[in-house]
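A, B, C, D, E, F, G and H are the chain letters, set down in written order, and residue numbers restart from 1 in every chain.
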C-alpha cells in the first residue's frame, strides 16, 4: 500500500499531532512513514499543514503536490488543497464554519462534524481524534490496535491516562463520518 | 535491531549526538534547526551522559566554543542555518587551519540575506569550496533521510577525528523538519583519554607543550602546512567518497541530486521508468570529497546528466568538472523555499533531453 | 445621550495613527510589539518628521515592522541594527534614525553593536523590546530570560549555573559616556503605555540636540513564547519581570538619575 | 455639572481577542463575543457602553490598535 | 594627464575613494590593508569632500554600517583582509540579497585561519562563488597594478550602482603594499540626489515608502526575487566581462592568471618567448563575470592552459569549466605568502607541456 | 664584599621563571607584554598548576604568546578568547583556563564575547592588556585610545566627536553579576608590578572557588605604537593613561569595592 | 634600461625611504618604477627590505629572486641576499658591524662607510642618503636633478628644509664609495 | 649591623636596551653600554654594582626578563 495524505487547518487544531499519530501507527504496522510539516512563524495564528505518507516501500519524496487523501479543517485549507486531491482520492472535512464547501466531482468527499462532537464530548482536545476516527473508517488499512499503539508512542508517558478518551473519540469519529 | 522511533531530522541529530558520546554542543537558535538544541535541553544530556549543552550569545561565540572544546580533544559540535553559518566562516576557517575535529550542522534555508525559512540547498558552494578564507576543505556529508541524520553524527565524528578536520552535515529544512522512522544505535561511551600528541589538556611533565594554532608568520612554513592540508584532502578523495546509485547501471540519463532533492528525484526515476525512460539517480553522499570518478565513468556511457538542486545551480559545476565535456550536463533548480515536484523534474528531463 | 450621538467626528479623541499601514499586524494576540509600534508611529506623526525618518527593523518577531510602519525602513542582519543606524546617521546627521530591536537581537548577538553605538554616542534612538524570550524562533531562552523562567531551551526553568545570568543591557548602557537618555518602561497597562510614550517621545526629541544616544527599553510580553494567555502574560510580567527589571528613567540629559 | 460620556468603536474583523482592553477598562464596558470573526478570534465589543467615559485606556493598550474612542461633555 | 604620484596600492584605493566622490568608509584594521584607513585618516576626507570616515568596532559592524549608508543611496565602502572578509559574509549576503550598491575591498593574505600576513589569492572561491549563504554573486574586479587599484574604485562604484549590487575589489598583499606610479583622475563631485525609487532617505508625501530588505516569507515571491537576481547576474555576464590578453594571438600555451600572479606571469611570457616558446597570458580582470568565452575560444586553438595562482587551485576550476575538456588545463600554485618567480613558472610550463 | 662572592646559587633571589621558553620575546623593547607574560608564568609555576592549565592567546601582539609560555595553549580568532575559554572550561571544570587579550581584541571585536562570558560567570581568568592602541597592526586607534591621543588612524589625536568615546570595559564588567573579582593594575614601575602580580594571583586562585569570572586589566604601554622611547612611554602612561584608567581592585569576592 | 634592486637592513636604517626616493627619482626621469617592501610585524625590531625596479618598459613582476643590485646594510641582509645578486651584478654594503663580509667573485662588491660618515656629519638621518650617493655613483643612470626632484617629492613639505643636508650626504656618499 | 648587598647578572645578548631597569633602580646601579649586542641594541650593565641592594626592582620591571638578582647579608 501507499497512502499520501495532507492534513491542514488552524494552528491550534492538532493538525501536526494527528499526523504524528498516523505516522506512528504506520510504524507499528511495519510500514514506512514520513511526516513533513509546514514550519516557521507563519504557523503562528495562521494555518498549519502536514504531509503524511505511509507505504510498504521506501518513501521517496516526502513533499508532494498531489494526495490520495486531504483532511481539511478550515476554509483556507479547503480553498488551498481541494485541487490537490488525486482524481478518485478522498477529501474529508469538518463543515463547522465552512462557507464555500468542496465541490469536485471526481473525488470522494466526506464530512465529519468533529468540532460539534468534541463540544458535546466536553473535550476540545478530542477534536483531532474524532477526525482521525473518521479517516480510519474510510481508509481502514491500519489495524486499530496499531493505532492505539501509535497513540501511546506519540504521547508522553504522563498523558497516557488520556488514551481511553482518545480511543473513544476515534470510535466516535468512525461512527459519525458521512458522505457529503 | 536498535530502538525504533519516529523523529524529526533535527531531533535525530540531537539524540544521535548524545548517543555518539558527543561531549559538548554549543548553539544559537535559528529556524529551521532550533529543535536540535531544544531536544537536547529537554533531554538534559548532562544527566544522561555528562554532555555539556550551552546556548551561546551568538553563532560566532558558539563556533569558538567548539574550537576551545575541540582543541582539548573533546567531541564538540554546533548547528545552525544559513545566515548563522555565514557568521561562522572565520571560525570554520580557523578550525580547518588548526586541524580541529568537530561537527558542524547546517540545516539550510533559502538565501541570500535573511531570505526565507523555507528549505534550500543554496549553501553548497559555501560548504564545499570554502566560504571562509584560505585553501581549506570541510568533509561534507549530505543526509537524505532522518535515519542518515542520526547515522551521520557518529560517522561525522569518526571522520573528523580520523582526519583532524571539521566535518559538516549539510542538510536542509525538509530533512530537518520531517519525521521518519529511525533506528537508533546504542549509546556509545564518551571519550576518557585524549591524544596527548596534540590536545591541550594541560602540559604534563612527560611531554612537550601542545599548541593549537593556524598561524605561521614564516611563509615557507605556512606553505608546508598548506601542502599538508592538501595532502590530507587528497586522502579524503581517495578514501571517503560516498554515494548511492539508483537504477544507474542501464540508465540513459542520470539525475544527480543530494539530500532532499535526491528524495524527490528518486520518485522521478520511478515515474520515468514507468514511462519507459531509462533514468537513474546518482546521489552524492559526500559533497566533499565529490564522487567525481563515478560520474566521469558514467559520462562515457550515458546520453546526459541532469542536476537537480534547491538552488540556482551550484553542485552542477562539480558535475560538469567531472563530466569534463563528454556529454551534456543540464541543470534544473528551484529556490527560495519552493520545492520541485517529482513530475516537474520528469518534465524537465524530457524537455532537455528527449524533446518535449 | 445615545452612543450614536457620541460617535461623531467632532468627538473623536483617539484613532489609530495613519502611519500604521492597513496590513493587519502579524503579531500574536496580545503581543506588546503592536503597542510599541503604534507609539513610535504616533510620535513620528506628532513630530511631523516622516520625511526625515529612517527606521531599522531587526531580526525577530518585529522583522516585518516595515510592513506596518508607513515610513522608509531598512531590515538588517540579526543584531546589527545599531551599526546600520550608525552608517545612516553618519551620512545623514539631520535625519531621525531609530532602531527597533528585540532582546535576542540587541542583547545577545548584537551586544557589541549596541555597546559601541551607545559608547560612541551615536545620535540615534534605540527602542529595545525586552520580552525575556526569542519570540520569533519559537520561544528559546533570551539573554534577558529571568532565573527560573521556562523557555524551549530551558524547559525546566533557567538554571543560571548552567545557562548563565540574565543580562541587563539597560543597566550597562547607563554607564556609557555616549548615552544621553536611558529609560526602562512597559506597555502592559494604560498608565505604563502613557509613560512609555513620554519616554519614547523624549528619545526622538533628543536627536535634535545631537548630544548622544537615546535608549528606551520596553519590558514586554510574549504570550506565545511564555505559553500564557495575554492577560496571564501581563500579570506574570507585572509580578516577575518588573521586579527584576524595575521601570523608570535611568539617565536624563546625560545625567544618571537611577542605577540599575 | 458637566459629565463626560464616551463611546468606542472596535474593528471586530481586526480584533484578535486578546482581552487586554477588557482588563484595561476601568468601568467594565467591554466583553468578549461568543462568535468568532473570520480569523477565528472571539472579538471584543462594548457590552456596557453607557459606562464608557472615553478614557482611552482600552484603545492605548490594544496591541492591534483596533479601538477608536469618542468623548463628549454632557451638561 | 592627471596628477602623477608614487603610491602604495592601498593608498591609491583611499585617494581614489575620496576622488570618486565616495560618501563613507567604514573599516577595521587588518594587515596588509590598514593603510587604506590610515591614509584616509591623514587626509581628513570630511574636510576635503565631506566624506565620512569611521573606524568601526569590528568588521561585522563595518559591513553593516556600509549596509545602512548604501541603503540611503550613498556611495559606501569598506576594506579588509581575509579573516575580516570571512566575518563579513553574512553582511555581504544581505547586501546582495537587498541589492545594495557598495564597494568591498579584500586585500587577500594567506589562510586558512590566522594564516600569514603574506600575500595570497586563496579567497577566489569565497569572492566569486559566494562565501555567504544563498545564490548570490558579487561583481569581482581583480587589479594587477597600483593604477588599477585607483581606477577600479570609481569603476567599482559605477558598476555597483548600475546593477545595484555589491562590487568586490579582490587584491592581495603585493598589490596593496607595492608602490607604483599612478595617474590620478580628477575629483568627482559627491552625489546630491538619491534615487527615490528605492533609497531610504525619509518618505516624502510624493512617494510610497521605500524598504530595504532581503526577506520574503512567501517562497513563491522569494523565488521570483532569486530569479531576478540571476537575470541580473546574467546581464553582467553579457556586458561586464573584462580581461587582458598578452601575446595570446599566436600562442601555443596560455597562462591564465589574475592580479599579482598575472604580473609574475607577464615576465614568464617574456622569458618563454626569449626561449622560443610561444606562451601567452590571459588575465581575467573581472573574476565574476569570468571570461569564459574567450578562454573557450582559445581552447579550440592552443595546446594547453596553465593556471597560476597564489593558492592551491581555485580559479583553475573556472578555467576548466570554460575549456570543457577541449585541451589540458594544468595548475601551479604557491601559498602561505610564498610567491613563485617568473622562471619558476616557466619551468613548470616546460615540465607540464613540453616535457623537461 | 666582591660582586663575584654575591653571585652564588645560595644568594639567588630572582630568576626568570622556567615556564618562559628560551625563545626571545618578539615584543619591542620596553613593551609591557613581556612583564605580564612573566607574571602569569610565575604564578602558574608558584601554584604548580602547569599540568592543569590551558592558556588562550588572542590576535594582537601577543598572538605568539604560545611561543613564550611553556604551557598548553590555543591561539584563537580575534576577540573570541572568552568564548573559546568557555568551551574549554565547560568541558574541563577543574582545569585552570585563562585568556590573555589586548584592548582591540577584548574591547572592540570581542566586546560581546567578553560581556557574555563575564555575565554568565564563566569560572575563568581574563588578563586584559590595555595599551590604548592596536599594537600589532601598526598603531591604529583602539577602543581604549584616550581622547586626544594620536594613533595611525587618529593622526591628529582622537576626536571623540568623530571617532567616539573610549570604552572602559573594566568599569562595565564590574556591574555584571558573573564577575567575582575585577581589578585594574599597571606594570610600569616595580611597585605596580608587585601589585599586579598580587591581583593576577588572586585571579587564578579564584578559579578553585568556582564563583565566577576573574578579570584583571593591566594598563600598559606600546612604545612603538605611541612613537616614544620606553622610558617616555611609561612616563606618558603614568601622566595620561592612569588618570583616565585609575588603578586598584574594583570588585573583590563578588562585592564591588570601587566603581569606575 | 632595466635596473632591479634589493635594499635590506635594520628597520630603523631608512631602507624603505631610500627605495622610495629612488623610485620617485625614476618617475622624474620618466621611467616606470615599482617599490615592493617586506611588511608586517616581522619588520618590528627585525629586518626590512624593499625591491625597487626602474625600467624603460612596463614592469612585470614587482617581486624577484635575482637582482642587478643589492644594497645590504647589516649582517643578516648580507647573509640572506648576497646569493641573489645576478652574476656581474653589484653588491654595495656598509662594513660597520659586519663580521662575515661578502665573498662572491662573480659580482662587483663595493663598500660605503655610511654609518661612520653620518656620525661624522653629526646627523644619523643622513645615513641612507650617503648609501644612496654611493649607489648613484656606481650606477649613474639617474640625472642628479631628477634625484633631487625625487627627494623633494618623497619628503613632506615641512621637511623640505632638510633637502640641502641630504644633497650633501648624497654627494659625500659618491665620494667615499669604494671597491671592496 | 647587618647590611644587605646585592648583585645582578644581565643577559646582555637578550637585553633590548629599553632602559626601564635604569629608571627602576633606586640606587642608580645600571647604565647603558655604548656597544651594541648582535641584535643591534645598546644593552644595560651594572655600572655601579657596589650600590646594589638586591631589591629586584630592575628584574621585575625588565620586560624581557633578562636580569637575575642575588642578595646576601654582610655582617
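FYI, a residue touches a chain if its C-beta (ideal position, glycine included) is under 8 Å from a C-beta of that chain, and two chains touch if they have at least 3 such contacts.
Predicted, not measured: the structure shown is a model, and the values here were computed from it.
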{"item": "Neighbouring chains shared between chain A and chain H, ordered by label", "value": "none"}
{"item": "Pair of chains joined by more contacts [C-beta pairs], B-F or E-F", "value": "B-F"}
{"item": "Separation of chain F from chain H, taking each centre as the mean of its C-alpha atoms, in whole Å", "value": "25"}
{"item": "Averaged-CA centre spacing for the pair chain G and chain E, given as whole angstrom", "value": "34"}
{"item": "Where chain B and chain G are represented by their mean Cα positions, the distance between them in whole Å", "value": "55"}
{"item": "Contacts with 2+ other chains: residues of chain F", "value": "28-29, 63, 75, 77, 108-109, 111-112, 116, 136, 143, 163"}
{"item": "Per-residue multi-chain contacts in chain D, two or more chains", "value": "16"}
{"item": "Sequence positions of chain E contacting 2 or more other chains", "value": "31, 54, 57-58, 60, 83, 90, 94, 98, 113-114, 117-118, 213-215, 217"}
{"item": "Of all residues in chain E, those that touch chain G in their complex", "value": "4, 6, 31-32, 117-118, 173-174, 177-181, 260, 263-264, 266-267, 270, 339, 341-342"}
{"item": "Chain C-touching residues of chain D, taken from the complex the two chains share", "value": "5-7, 9, 14, 16-20, 22-24, 41, 46, 49, 54-57, 59-72, 74"}
{"item": "Complex interface listing, chain G residues touching chain E", "value": "20, 23-24, 27, 32-37, 39-41, 59-65, 153-154"}
{"item": "Residue numbers on chain F that touch chain H, as the complex places them", "value": "1, 3, 5-8, 11-17, 20, 24-25, 27-35, 38, 187-190, 193-194, 223, 229-231, 234"}
{"item": "Chain E-facing residues of chain B, complex", "value": "60, 82-83, 85-87, 89-90, 93-98, 108, 110-118, 120, 122-123, 125-126, 129-136, 213-227, 229-230, 311-314, 317, 320-321, 324-326, 334-338"}
